[in-house]
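What follows is a group of structures, each given as structure tokens.
Consider the two complexes below, in which subunit A is the common component and subunit B and subunit C are the respective partners.
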Partner chain A sequence: MEALLLRASSYAADVDGVIHLITLLAGFWFIVAEVVLFYFIFKFRKKNNEKAQYITGEKKEEMKWIHWPHNLIIVCDIVLVFFAIKAWYHIKQELPDPDFTVKITGQQWAWRMQHPGPDKQLDTADDIELVDELRVVVGKTYHYKLESLDVMHSFSVPVFRLKQDAIPGRTITGWFKPTRTGAFDIQCAEMCGIGHGIMGARIIIETEEEHQKWMESLSGNSVAQAL
Partner chain B sequence: MASGLSFLGRLLGMGTLAICVFSSFSAVARSGQDLFRLCTACHGDQGQGKKDLGAPGIAGMPSWYLEKQLKNFSSGARGAHAKDFFGMRMRPMARTLRSEEEIKKVSEYVSKLKAHRPDSTLNGDVAAGQALYNTCLACHGPNGEGNQAMSAPPLLYSGDWYLMRQIHSFGNKMRGADPAKDPMGATMAPMAGILADDKAIEDVLTYITTKK
Partner chain C sequence: MSSAEHHHEQSIWEKYIFSVDHKVIGMQYMFTGIAMALIGGFFVYVFRMQLAFPGMSVPGFGTVNPMEYNSLVTNHGSIMIFWVAMPVLIAAFGNFLIPLMIGCDDMVFPRLNRLSYQIFLVSAIILIISFFVQGGGFGGAWTSYPPLSAKSEYNLTPWGASLWLLAVALEFVAFLIGGINFITTLMNSRAPGMKMYDIPIVCWMIVIASILFMASVGPLIAGAVMLGFDQVYSIGFFDPGKGGDPVLWQHLFWFFGHPEVYVVLLPAMGIVAEVITTFARKKLFAYKTVLFTAAATGVLSFFVWAHHQFVSGIDPRMANVFTVTTLMISVPIAEMLFVYIATLYGGSIRFTTAMLFALAFLAEFLIGGVTGIYLGASGSDIFFHDTYFVLAHFHYTFVPIAIIATFAGLYYWFPKMSGRLMNETLGKIHFWMTIIPFNFIFIPLFILGASGQHRRIYNYQNFPDLAVPELQNLRVVATVALIFMILGQIPFFYNFIVSWKKGEKADANPWKAATLEWAAPSPPPHGNFAELPNCYRGPYEYSVPGRDLDYWPQNVK
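Right after this comes the complex of A and B.
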């Protein structure tokens, strides 16, 4: 999975783990089912002048072909659900103490990012607001307060393996911890109108020094010009 | 039967190919009318504007003005301020235009649409508005008809509610705050400050929109 899409958050590997597990289990049963299917097609191909029979699958030795895979798949499901809930609980239910909090507001069709300024506190005069650009420090735990001004949007950061719906009227709190520096995509993952497809933004993950320099470069101008 | 299936398969394949080729060709040369289709979602099928969506009338606005604004939106000179709700809606739309050529085409197309005088939604004092309008008149013309030489757009077709919003935007530094990015808007920004309060804005807009 990492080969397809970089991981940049502390929990990206957990989500990938679940996807790997699903792929592995579903892949295993897919291959088994195909092998059995083709084996039977071959075994019961037309021979001599034997007449085709109609099998209802009610005899015990016929039913075991249903029951055994069925039971085994249920076991696999339980394993899957266990690991899925474990990952989900860690990402969506736990809320580790934050180093910083940012406010992310979706609207048709842009993201407004409110960063705590040099005082590290949100909702103060030195907050830095950007449009379609979120700047965070690598290795720090962030809380995000997600809001929407109009319709439903979904804040999605593929490299974080994070997706969270933004619902008008609600403030949804979640968290992430970036683990690598770089600039990555943010996208809207909930159909929100004609501009949905181009409602993208960037997340810039930088070191503490870079972040500091960036804040200084704004030189007290709390509402920065975006892009 | 086998030949029937393969014929169907071939037909499907060729159809898909034809659609791909056709759509890529039509993407190369989108006419002003093609491009305008996207605008209609908010600005209305005639470009008459939709107040409910906050989208002003654009039909019949001069193409030099439309062109300039589309460029401002796509460069971020307009519609990139974090508090500019409506501007941020327009900005991604302007960015779907892929070249100056396309901006030009759609602007020309829209400028040739029949201009629409929206109904007045304000109820200010016309006489007070007329006195205030004396300042605006120098650039926007005695009848609000606009003047390209002064980079002043006509004031008659957008809707008074839109003009109200823009005067506020200029005043709040959401539009025309940076002379380097938007010199045309920067000339308007201090003018917006001349209007003392919402009452003054309402008066002057009532005067303009009730002009015959």
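Right after this comes the complex of A and C.
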């Protein structure tokens, strides 16, 4: 997975771990099934006037060919369920204490990102609001409060392996922890009307100093705004 | 019915337009479904061209604006599922095959059957009209989530959205009526001597599918009425500002939407069972297992719907329950595929075009099944949800179902439908020109999805991480392959039309198959059988030891 898409959050590797495990287990069954299928097709093609065999598939020793794979698949499923739920629990059900909280609001067709200002508190006068740009500090744990003003949107950051629908009338809280600096795509992942195709944004992950500098460069403006 | 009734001369009008004959109604469904498939195919051609060559003037359409793009993808999905897969797999094959295969003269309720088709036709016409009304066709995705679908100030298609909803609701009504007919006919009109386990699998599958459909669609019809009220009278069932809940629609939709997958899958599996047993000259391996796994899949399919909603704002604890049920459903499906593969063991396989399509169904559907696990497992679905990976996955299920299995069935029963044979060489050209491009379309889309590309976006140049040339090249590959696949259908249409009129004459049983439909003349007259058959044994008695012939028809003592 890493080869196709960078990982930039603490839990991206957990999601990729589930993906790799499925690739291994399901891939095994897939290859077995395809190989057997093509082998049978080749082996049992019509030759001269040889008659086919008469097999009902209802005798015990015939049924074992179905029962054994059946039981093994159940075992594989149990393993998969365990790891899938483990990753899910970590990402969606746990909520580690945050260093910062941001508020993300989807609307037709833009993302409004409300960042805490220099006081590090959300919903205070020095908050910084950006459109289609989210600025976060690498290595810090963030809570996001996700809202929508109109229709369903979905906040998706592929490099984080994170996705959450935004629902009008609700505030959904989740978390992430960026682990590498850079600028990456945010996409809206839910059809939201004519502008859905342009409802992208960028997430900018920077070091603490860079973030500080950025806030200072703005402080004049945002103070003015607050007044 | 008395035979005197059969022999009065029917006008063309009576015979083809207002017929109550199950075969004619089946053909009406078939040709309407194929016509709709051409529209759905044209739509995908237009929007795939836009994705590969953004901003170009698409030959036959012109430039594609975002509004049109949304409408094209929405209606491509709606058409292919509701107006192609369902009418062809359930209504066309069900109507044509069930009375013939269980050895009776018609459906139990022939007039109800005609009504079903007429309502279906009206629904198709309404859908087509919806593309041309003011504001254009509905573009809020085939899942039609509110509030987008509920308010015209959000979707900007005041007429398109409501007509789409009306068309879908009428389509459901048509299939409810048709389903009653299939179930009643299978239970009451079987040939004397045909016991439960003597019924051909395809008949069982169509009937199980009809039961699934009837049991799952009720809540969605209620939902459609509510959504209609929201659209027209702003009642607010799904409007949080008025105390409604938009996520409710998703539950109603997917409670139907997941069983719907099996509603079309099971008939396809049924068709494949008939074709592989005939051309492998083999008894179906473990008939009862196939039947029970189909039933188990059907029951389980009612408990998996929220796997479409893991990240949609439902309580995250719910996802764990639905991960378990979703992975559970992989067990009966895998078992069914193993049984089919096991059926080939010890066979004497003849590679007719129908058989090639049936085998390709197995090989390709496996890919669709396996990739579904990534989406059923909550942990990985967080990433894959609503990406092209999902899109590629379900096309690897729906294309084998609605296209590959349908072709297997068409090539197989064509002699029964028309009394003539199709050209096998053209058939094989058509086969390879369908299967090879199909894989070249969707394997690139798996890679795009895994690279983080989301669905329903008309131009990826707006997203810096997705605008890179490597990904754009994959989009071009998919589009070019699509064009090859579309061109690959020309030999089929040519073959179909020419063979129907001038093909080599087929006798009643050209494939030496054992089920009852082959005891009727080709094509079967009104009333089907010269003399209604008796049934003496199961449907797949091929290569029975000690018999000269390698098939033992159900109706031969």
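Just a few scattered comments:
Keep this in mind: the second predicted complex is superposed on the first by the 216 of 227 C-alpha atoms of A that agree within 3 Å, B and C clash if a C-alpha of one lies under 4 Å from a C-alpha of the other, contacts with A are read in each partner's own complex, and residues count from 1 in each chain.
Here is the rule we use: contacts are C-beta pairs under 8 Å (C-beta built on N, C-alpha and C of every residue); 3 or more make two chains touch, one makes a residue touch a chain.
Keep in mind it's a predicted model, so treat the numbers as computed, not measured.
After overlaying the two complexes on the shared chain, residue contacts for A:H115 are found with neither subunit B nor subunit C. Once the two structures are overlaid, the count of subunit A residues touched is higher for C than for its counterpart among subunit B and subunit C. Applying the stated contact rule after C-alpha superposition, one finds that A:I172 touches subunit C and leaves subunit B untouched. By the touch criterion defined above, A:Q107 reaches subunit B but does not reach subunit C. Shared-chain residue A:I198: touches subunit B and subunit C both.
By the touch criterion stated above, A:L130 is placed in contact with subunit B alone, subunit C being left untouched.
Contacts of A:H211 after superposition: neither subunit B nor subunit C is touched.
In the overlay built on the shared chain, the residue A:L149 is in contact with subunit B alone; subunit C does not reach it. Across the two superposed structures, the residue set of subunit A contacted by subunit B and also by subunit C is 108, 194-195, 198.
Residues 38, 41-42, 76, 80-83, 85, 88-89, 91-93, 95-96, 178, 181 of subunit B touch subunit A in their complex. Put simply, subunit A touches subunit B in their complex at residues 107-110, 112-114, 129-132, 149, 194-195, 198-199, 223, 225-227. On the side of subunit A, the complex with subunit C involves touching residues 1, 4-5, 14-15, 18-19, 22, 26-27, 29-30, 33-34, 36-38, 40-41, 44-47, 50-58, 62-63, 65-66, 69-70, 73-74, 77, 80-81, 83-89, 91-93, 108, 150-152, 154, 156, 158-159, 161-165, 167-170, 172, 183-185, 187-198, 200, 202.
Only residues 66-67, 69-70, 139-141, 143, 145-148, 154-156, 240-241, 246-247, 280-289, 310-313, 316-317, 319-320, 323-324, 327-328, 330-331, 334-335, 337-339, 341-351, 359, 362-363, 366-367, 370, 373-374, 377-380, 382-383, 385-387, 447, 450-452, 454-459, 462-466, 542-545, 550 of subunit C touch subunit A when the two sit together in their complex.
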